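The two complexes that follow have chain A in common; it is paired with chain B in the first and with chain C in the second.
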Partner chain A sequence: MIQTISRASLTLWLDALTRDYTVIAPRRVENLVLYKPISSAEEVVYDFGRTGLSAKEHFLPMMQSIVNIHKDQNGLILEVPRLGRSQVIFGLRPCDARALRVLDAVMLSEPADAYYGERRKNTVTVGIACKEPQEGCFCTSMGGAPDDEKDLDILLVEMNDGYAVKAVTDGGRALLAGASLSEADAPPPVSKAPEALQLPTLETWQGRFNEAYWARLSDRCLGCRLCAYVCPTCYCFDVRDYAENSSEIKRLRCWDSCQASGCYRLAGGHNPRPTKRERLRQRFYHKLVYYGQRFQVDLCVGCGRCVVQCPANIDIREIIADVAGQ
Partner chain B sequence: MEVIDEIKAKARALLENGQVECVIGYGLGSLKVRPAFAYTPAEVERFVWNSNCNQNLVNYLNDKKDRKVAIVAKPCDVRAINVLIHESQVKRENVYIIGMACPGMEWQGQPEARCRHCDQRVPVMYDVLIGQAPNVSVTPDDYADVAALEAMSSEERLAFWAREFDRCIRCYACRQACFGCYCFECVAEQLDPQWVGIAIDLPEKQLFHIMRAYHLAGRCVGCQECERVCPMGLPLSLLNRKIAKEVAELFGGYRAGADAAVAPPLATFRKEDDLE
Partner chain C sequence: MSNPLLPHLATLTQVKDLAVGIRLFRCKFNDSQVGANFDYRPGQFGFLSAFGVGESPFGLTSTKGRLNSEVEFAVARVGTVTAALHELEEGDTVGIRGPYGNWFPLDEVKGKRIIIIGGGIGMAPLRPVIQTIIDNRRDYDELILLCAARQPNLLVFKEEYDEWAAAPNTRFHVTVDVGDNSWKGNVGLITKLLADVAPTPDNAVAITCGPPIMIKFVLKGLKELGFTPEQIVTTLESKMKCGIGKCGRCNVGERYICLDGPVFRYDQILKFLEEF
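This part shows the complex of A and B:
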């Protein structure tokens, strides 16, 4: 026996959730579909395939004040901005949910990132399984699956007249308390999974570090930040103080990218990764070698966003195959 | 001989006789046509030529300064080479131009609007010309999109651009894809002194895009690479087209890069210029 929810009940449930939570769901933003806060279930887009950006921005905002500094005659007052209402992220794909676990490894290990941690603790995720892979998808190569429930609080799987519902965690069960569920005998259809790639061994990666391959690959790289910004697991940031006037100052943390020419520039001007070759190579070694060595999980979930969006068609799947092969 | 075979034969010959060290052309990628760099005659085999060769490869000449290279270039791309020559970024003698007579390109399965209006199917400059200029009827560009923008009140226009720029994520793909954005350090990223903050927020996004558009005034060739690479779908070429139209109106129909002998109006000064 499986639990199900009709489309009408789902809409009612989502509308009810918007009263207590900031509900974030795939919705249309001009010509894109993005995970953004909704005010009504009517705004939710269901046939979105893959959103243009991941849901990362709701855990690591593009721009976030980490300290507000107020200065007056009594001195300085430091205030740490807090997350307002708890969040529900609806319609998360299993790969994007896995990205949160991957990020937890670096963000929540000591010293833990309090801002990220606060958002993680106050977010409930409701996933929707992918029916079939999109162009560029390779989740199964990175340890995920199109119907993987393990990094979600609730998993929905589309059926003829609604969704199969599985509460994975206690948080998910609690969130479902107000939902009108039914039961069905037949299981939902099985997701079609992308074919898994063969990953190179650590020794293979290490042996190829100095090969001309990286210089040749970087020939066509534009050196933009698109791959890092559409990526659900890239977490580089930069911090700067912003003075709005002489008494109001904000310490802002904003997205940054390892592909930016100044990203590694040190005081004094030395840049240990001076050209696109070193920076591009770093991107793939960080994702597929160093992060795994440190945290036992790769810094990539196979969502395919960089694959389809890179203007120069630098395709991480091809790089995996090139490094593994020959 | 097929057009692609002519490109390959020329590229192979240039590499074999050592005239250039690299030929920049189009190759078949995993999902689409992508830039291909051939350093050996064998690597030329990956080259393709079809209606998806949209990308303006001239941007890559900025990475190959003072090297002998050949480049597969459409008429609009060749205008970009002219701009770089005028600005002393590229030396004519270092670049072998494999000029393509252009049938027009497609984007997302549709003929590109800019190509429908394009009256220049043969490059203004080349070392070899490949292909036949197509016999197509060209509808002149009426700048209807720019006219619609001009018809707005300034408040409406501000709201329009604020809504568009708001989607920007400051990934700089537009700038990195642009042949004309070759500054060693972009003022939008300079940290000391910091002119534009790091905030991924509307004022900074607006400043960046308007600054970039002004910086391209009289230099943009309308390849629209910026708009094609934008992951957020910003209508960046609308901004560039507005300025190109103004430049043409102010400076006797000037088109960036159209004539190697004519100096760019915004890079020249004559005493008799009307400064009003």
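This part shows the complex of A and C:
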């Protein structure tokens, strides 16, 4: 027997959730669909395919104060800003949910990142399976699937007049307590999966490290950093102090990208990755080689965002195929 | 959950010039319990905050044994954060987090001849190595100390040269790339000094720290003297924003300089895909 929820019940349930949680869901922001807090279920967009940005910002904000510093005659006081309410992320795609597991590997390994950890602990995820792949999708090559429930608390799969509901974790079951569910006999339609790519072996990657290929490829790269910002797994950050006035200072942590020319440049001028060649190569080796060596999972979930958004058409699937090929 | 990115407050108890543009900062943690628990080994580093400007990593430049619950950093003024630190005076408040990273393998090299080669501010993380060897002199064989700087007024820890030179079973040499009117010592690159002193590799380990270009040539010089990569210990430097394996700046291959370094044996470095 399969549990289901009608569209009307789903709306009621979501509205009820907004009373206790910050509910984040795909909604329209100008001409984009993004995961943003909603105040009413009416705002949710269901036919979004893939959002422009992932839900990463709700775990690693684009910019966040990690320490508020108050300075006066009596000295200094440091304060760590706390997360407000617990959050529900509704409408997460299985690949974006998998990205959280991938990020956990680095962020929660000791010594764990307290800010990420707090948000992770206080988040319940409600996923919606993809019916069919979007342009650029390759989740199945990276260990995921369009209807993968593994990294979600609840998975919804669209069927005739509502959704099949699967509570995956205890947290998911608890969240569903207030929802009015029904039952159906027939399972929902099976998702169409993208074709899987053949991944190069570790030895092949290592053997191609010094090839001219990387210089040729990076010629096209504009260093615009978009690929890192749209990526659900890119996590590199910069930290700077921002003084609002002489007594209020914020230590800000911001998204960063390995494609920025100054990313690795040391005081004194030495730069171990001086050109786009080294930096673009670092992007793909970090994602597809080094991260797996360290954490046994790749730093890419095949969401396809960088594929469709790179202004220079640098396509990670093409790179995988080029490295694997002759 | 504890928060490794939250600095401990500390007060500067001593600020003094070590060389032109290089200052020593001695810091006392405001919470004495934090100071007592702040345990570290030679080669480890900490992040020092100039609140309102930022924070940067610096080697802990003394042994815990010599300072008890205070800590010392030697900071070269090279950019934004270091300039802000140089503005601070005794009594001012800084932030400290750490200790981070691995350390020089001083237990593993007991009984061996130790050759220490330091250039410029690279002496900062080597000073606690020298202190450890001097304070446990019988645990090690001969100590050969080679210090260098571009010019005499850039040499650090000069006040301690007498102590170092007077240590038993120790050879101590200093050189500068370019001398001045009052300089009576060696003039020439550290690689020349190394070739002149020519330490034999028998039962020896070389420990070196300095600017990337110096390390490159010192490694070559050591190789010419017959040192194997396994007998050479050095440090890698990279930009760092966190020190705890999160910011991604210090990654070389699957290694994180902040967690797995900054100290590496040369044979480990040779196995890296990427020249760093």
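Following the convention adopted for this analysis, the second predicted complex is superposed on the first by the 326 of 326 C-alpha atoms of A that agree within 3 Å, B and C clash if a C-alpha of one lies under 4 Å from a C-alpha of the other, contacts with A are read in each partner's own complex, and residues count from 1 in each chain.
Note that a residue touches a chain if its C-beta (ideal position, glycine included) is under 8 Å from a C-beta of that chain, and two chains touch if they have at least 3 such contacts.
The structure displayed is predicted, hence computed values, not measured ones.
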Aligned on chain A, chain B and chain C: do they clash or fit?
fit
Once the shared chain is lined up, is A:C254 touching chain B (first), chain C (second), both, or neither of them?
first
Considering only touches as defined above, state whether A:R208 meets chain B (first), chain C (second), both or neither.
neither
Regarding the shared-chain residue A:H286, is it in contact with chain B (first), chain C (second), both, or neither?
second
Where does A:L76 make contact in the superposed view: on chain B (first), on chain C (second), on both, or on neither?
second
Look at A:D238 in the shared chain and tell me whether it touches chain B only, chain C only, both, or neither; answer first, second, both or neither.
both
How many degrees, to the nearest 10, separate the directions from chain A's C-alpha centre towards those of chain B and chain C?
90
Is A:G268 in contact with chain B, with chain C, with both, or with neither (first, second, both, neither)?
second
If you stack the two complexes on chain A, which partner ends up touching A:K131: first (chain B), second (chain C), both, or neither?
neither
Which of the two partners, first being chain B and second being chain C, lies in contact with A:I66: first, second, both, or neither?
second
Please provide the least distance in Å between a C-alpha atom of chain B and a C-alpha atom of chain C in the combined superposition.
6
Based on the A-chain superposition described above, do chain B and chain C contact any of the same residues on chain A, and if so which?
238, 240, 256
Can you name the residues of chain B that touch chain A in the complex?
29-32, 34-37, 55, 59-60, 63, 163-164, 167, 169-173, 175-177, 185, 189, 191, 194, 197-201, 228-229, 231-233
Note: in the complex, chain C contacts chain A through residues 1-7, 9, 51-55, 78-79, 82, 93, 95, 211-212, 237-239, 241-242, 244-249, 251-254, 273-276
Which residues, counting only chain A, touch chain C once they are in their complex?
66-67, 69, 71, 75-76, 78, 80, 106-107, 109, 111-115, 117-118, 206, 209, 235-241, 243, 249, 251, 256, 258, 263-268, 270, 272, 278, 282, 285-286, 289-291, 293-294
In the complex of these two chains, what residues of chain A are touching chain B?
29-32, 52-53, 62-63, 135-136, 216, 219-220, 222-226, 228-230, 238, 240, 242, 252, 254-257, 260-262, 307-309, 311-313, 315, 317-318
